[in-house]
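Working notes for the structure below.
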Amino acid sequence: MTAYLIATLTLVAITAITGLALNLQWGMGGLVNFGLFGFYMLGAYICGLLTVQGVPPLASLVGAMCSVALLSALVSLITVRLSEDYLAIVTLGFAECLRLFISYEEWLTRGTLGIAGIERPFQGLVPAQLADTALLAFTLIAVALVYGALQALAFSPFGRLVRATREDPAVVEALGKSVLTVRFKVFAVGGAILGLAGSLHAFYYTYIDPTQFSPIITAYAFMAVVIGGRGSNRGVLISTFTLILVLEGSRFLVDWVPHLGSSELAAIRLILVGAGLVLLLIIKPDGFGKEPRSAEAEIRSFTST
Amino acid sequence: MLEARNVRVVFGGFQALDGASVRLPAGVVTGIIGPNGAGKSTLFGVLAGAVETASGEVLLEGRSVARHGPAWRARHGLTRTFQLSRELAALSVLENVLLARPKAPSEGVFSALFSRSAMRAAEEVAIEKARSLLARVDLWRLANAPAGVLSGGQKKLLELCRALMLDPRIVLLDEPSAGVNPTRIGEITEFIRTLQQEGMSFGMVEHNMDMIRSLCDRVYVLAEGRVLTEGRFDDVVNNPQVASAYLGSQP
Amino acid sequence: MSEDATGLVLRDVHAGYGGQPILHGVSMTLRKGERKVVIGPNGSGKSTLMKTAVGLLRPLSGQILLNGQDVTALRASERARRGLTYVPQEANVFRNMSVLENLRIGHEFIAPRGGLAFAGRLEEVLRLFPEIRPKLGTTAGHLSGGQRQMVAMAAALMPDPTVLALDEPSAGLSPRNAELLFEIIHRIADSGVTLLLIEQNTRLGLGAADNGVVLVAGQVRLAAPTADILANENIRRLYLGGA
Amino acid sequence: MPVIGPSRRVFVAASFLVASAFGLSNSSQANEEPIRIGILAPFTGTGGPYGKEIEEAARAAAVVINDAGGVLGRKLELVAADDESVPTSGVAAARKLIDVDKVVAISGVWSSAVVLAVKPIAVEKGVALTTVGSADEITQGENKGLVWRFQTNGKDWGAAFAKAMAKDGIKTASIMVLQTPFTLSTIEPFRKAFTEAGGTVLDQVAFNPNQPSYRVEVERIFSKEPDAVFVAAYVNELSAIAKETFRSGYDSTIYAYSNAADSNGKFVQNVGKEVAEGIVHTQHVPIAKSTAYSRYLKQVNKPEGTVATYGGQVFDQIVMLALAMEKAKSTNALDFGREFPGLVNADAPSIGEPAEALKAIREGKSFRYSGAASDFRFAPNGDQTNLTYGHFRIENGVSKLVGEIR
Amino acid sequence: MLQLLLNGAVTGLLLSLPALALSLSFSVLRFANYAIGSYLTCGAYLVYLFNVLFGWPLWIAASVGALGLATLVVAIDYLAYRPLRKRSGVTLLVASMGVAIALENLVRLFAGNSPRSFDVAVARPLRFGGLRLNYEQLTILITVLTALVLVWIIFRLTRLGRAMRAVADNPDLAAVRGISRGQVVASVWIISGVLTAIAGVLVGLDANIEPQMGWNYLLPVFTAAILGGIASPMAAVAGALTIGIAEELATLVMPPHYRMIVAFLIMATLLLVRPWGLFGTRWVTR
């Protein structure tokens, strides 16, 4: 059971990082990145391909973060003019095309066979029995760093600027800030975080293939942010935990309801997951947290008309 | 100072501006009046760089700025307010104003992550400046409130503060008095006059003739995308053509 | 005064957004055929009052009566069917539909079926607004601000309402257009419709009404004939600016 | 098809009695915890159509084993989990099976991608992994004798198609292949064998899982009018492609995997007799004439002659796990995993009835297990060898065995 | 080439019904209903139930099934979307993801995973010179065109259509003009339910009936709707035709498995030139 909890917590942590990245891009920045899973996949693939080439895992991770950040930022240049819905579909289309490319360009990515035997960071240094625990520790550190960095950003003038571009890009332009630059940075930072999450995915599974990456990753990230309360990093952490708890906990259903076939139980489990999600949205309208402010003036009197 | 030459703007077949030319000299308030749909706001959009022109030129301090967007122009001393207030509703009043402070390295990702004390110091300076602006229009008491809860008039004032936070040399005011409590219009007028006397230049679209009369040296009258006439306020309002197109029986 | 003689009554209405009250106990009575204007500084709750009166905002407490019946719990669409129509301040026409369609929509969901025929009403309304007759085929979104205001008012008049509520008709209009519009409002009022008006431009607003209500900070500060309000130095100085 | 004769039945009953007596006499052992085996199957997602068949077969085998006294005096207990046909969910489910349910083996795994993702964990945790996945990579690398494939590998299967075509006199063929590790693994071997036998491959297209339509691919491949088209796909895609081919007016013969073109009769039921007519499929046999297979069909109440390839293979997995544990006298997969080859490769009399085989082990008799899905042998790496492929043709809605390919 | 165009046009028409349903509900409710794919699946299975298990002729089964789906869709709106109506479009989008997961698996629970077909024999194609047109394509062509004309008539010429367009244009104004939003919302769901069910039948005829059938169409449907300009329902049809034909013609220059990339590139380019969609009007938010 402990081993299972460790593995599940690692999963929570990776999902949390993905959720945090989306919270920066969509929660704060208003950029509906439906192609999130594509950047995540790219992170996993770059990291995976580098490690199997013999590059040390940590270096691969950094490489993945940098290259995904760069590519993500480049995509932002193309999409800067698009409004919400169109940005969503263009990023989604981009990610799907990327997945096709990875599935078919076998010379580079080994196609649908995937990449096996990905080395984890510090693999040689920890005994095999503690490998999962070590990875969990590593992942949790990553979550803490990402969370810290995003909180710092959220409370900084940069965070304010990002939220302002979400509210009204034209105003931001009129105030002398380039919306393109802000979006570029948001996509780059978000891309780096997604690259990190993807790399951790590769480390966790040690085997990656194109079928592991689908829009469901994007969907989970959106669920995490919406349930967590848009803009709140703390809320995202709580909601990812809840989300994985629901998803994984429902696996134990099979043990409680023994007289139904497994096909039926599997279906019931996913029905409950779907219904639970809707219910959560209805009964928890504000999510788990609230959006931070960049500056609170030292006055508390608050009147409104 | 700021000049538009023979500007044409077309929106999907509709001629919003049809060869309009205006000059906004330094240190004065230039008024732009005209009936609805005359293209006043479009003209401001062109001057500020938010609206693309089909032809014509925009000169800022003598140089053509056609290829520069609103952000660049704002960094070079030209900013604007909007006809319908565009406050950032989810941000606090203070944040709305702080946003407009001149571009600084402390606004980047790097300083937010690795150079926080410098960032904070810069913030404090900016907050102090924002405080003095907001206090002047009696909004400081609402500094932490989300801008969305302000009334229409307060939003207009917030926009004005936001524009001034940039330390601009020219501000384009699009109907600064619309929706503002009449008693406060006088204060705004005084505020603008003070700033003008300190050397700031303004362009102003306005329907409130009292305000135009007391602030503007020169007035342009726009109609159907063209400059109908220009001149001193009194000359313009006494122009019968203007009266029939725009002013009606008032003053 | 008996209640059947009244068009619209508000009794101790508290209303606001997200639980935050903006109106603090507003009461007023609009008699049949009366023209009433609500004025007051910005943020005093004029628009909230209007939205509550027509049913776009559910009051937190209080009562609203229309033609003697309690309509507090009814939605805007149901109040419209009982004779209260409304012209919002902005976005007051269906932009992507033709002027004729706007007028038709103004009529067909409110007028009782088998009641006044559309064609007849259209003629009557176009007589009030001859300016829009040539524009019937135009998409409403392509009209100028003043023309839109007219189409919006025409649409609101189509079902022959008992009470017409206008939210700042002069907003965004040039002085000339605002005056033209108020000429039309006079025409409408003369046709016998009960009129509730919110106006920023106090000079025009008070000029068009019999009675005025001064709203300050969500409360009625003064309710009096317009002539009295104009004569009240205090009110003039505090709320009406130089106008 | 041999029917279990009376003597055999008596024997089964007898062994049953012996086994229960054995169980009773060792009541202390009978009280012990059951031995748990995880069934990781695709109950939802692309592999959904096969999940039920896999689980039923595993349950049938467990009943047979438990009725024969269980393993080492303990009952087998199956814990099923849904891998949603996706590696990530597969890993999560596998971790739960291993760490929470403490299974000694994970069986049934259908998708090659899921196997490849689960394999590192199984190997690390010392849990046996038996699969019906066909990708060559599954058995490659360090497996510690834990990973066993109950399916032909793609290489042999591809070659079998070439041979079937050669026998049918096919000169020109084209290929439509679903982009998955399993299906792709059959393509190159097929091409090579087919070309070597003098055939010409005209064209090849790959397509993606879950495409809304296959019209484009069908147009492109069939318009060149090859004698045959090798459609490497599962039942969903094959159904859509077969219908599309028919209604587009093309006549090339379709060759497909049996698990797609028969699949418990679902294919014909789905596309209709007319469309299915003449479609050729191959699969390793003898599924139709083995004792173990009959036992399986009887246990799941399916009529004789049903082609349920994955079912047969999974049935074998559970039986083999039971036999291996019994033989190794251990429930540690690192011990019993190594017994797999010995159980089928021995030069000894064949036994197809699981209960009999169990008894033989307990009695120390030498034998070899002859499986339900095939009379297979194991190579040291975990691949099955010595497979015979059935060459079926659908005639009037029924699969007819027209020959065998070795 | 002509064959490719024909096939592409038919595929596009097939896409156009759910795309129309999607943008119809978007224009009135302001959220992109991710569950449209599973609605399609449910529709197909309902019709399958009547057609195969009850043995009714397909067209009767389809009519009853379409009404059944419409009821289901309205019920889902009542249970899941109505309590969230005041919330942002993305919240509703996420809710519809939940609905999609639940519905798809509800189908699985009752119908299992195996592919199924309607009780309709597959026939050889009609030939016009070199051009082949199969019966399913013909059915699609006639059904979709009829449905589109009917929707157009409802939309442009009826009281209900005006009410729908009015709510789409300006919900608050529509309310004060006496239009009951609840009724319009229900009508929109009924129409989109019927359209989606018809699409489900046509997809089932074209390929298989299986729990994932709608999911497979989701991306093309969304692409088509957005390409047309998601808030303008009739333009979604044009978007769908563009996607269908573009994907088909793409195979002339690329391997078929990459045809989505071409469709994507066309879409991206079009959106860069016309950021508000191919035929849509500029989105006014303020």
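Order of writing sets the labels: A, B, C, D and E. Residues in every chain begin at 1.
Methods note: a residue touches a chain if its C-beta (ideal position, glycine included) is under 8 Å from a C-beta of that chain, and two chains touch if they have at least 3 such contacts.
Nothing here was measured: the structure is a model prediction, and the numbers come from that model.
Note on connectivity: the fewest steps through touching chains from chain A to chain D is 1. Farthest from chain C in terms of Cα centroid separation is D. Taking the mean of the C-alpha atoms as each chain's centre, chain A and chain B sit 41 Å apart. Mean C-alpha position of chain B lies 46 Å from that of chain E. Chain C and chain D have centres, each the mean of its CA atoms, that are 76 Å apart.
For chain B, residues that reach two or more other chains under the stated contact definition are 84, 86, 149-151, 154. The multi-chain contact residues of chain D, meaning those touching 2 or more other chains, are 43-44, 48, 51-52, 179, 206, 208. Contact with two or more other chains is made by residues 105, 108, 112-113, 255, 257 of chain E. Per the touch definition, chain E reaches chain C in the complex via residues 159, 162-163, 165-166, 169-170, 172-181, 281, 284. Within the complex formed with chain D, the chain E residues making contact are 3-4, 7, 11, 105, 108, 112-117, 121-125, 127, 132, 134-136, 203, 206-208, 210-212, 215-217, 220, 247-248, 251, 255-257, 259. Considering their complex, residues 32, 80, 83-84, 87-88, 90-91, 93-95, 97-106, 108-109, 112-113, 219, 222-223, 226, 230, 255, 257-258, 260-261, 264, 267-268, 271-272, 275-277, 283 of chain E touch chain A. Contact residues on chain A toward chain D in their complex (touch as defined above): 1-4, 7-8, 11, 100, 103-104, 111-114, 116-117, 128, 131, 205-207, 209, 211-212, 214, 248, 251-252, 254-255, 261-263, 265-267, 269-270. On the chain D side of its complex with chain E, the touching residues are 43-46, 48-52, 179, 205-208, 210-217, 219-220, 235-236, 239-240, 243-244, 246-249, 263, 266, 270-272, 274-275.
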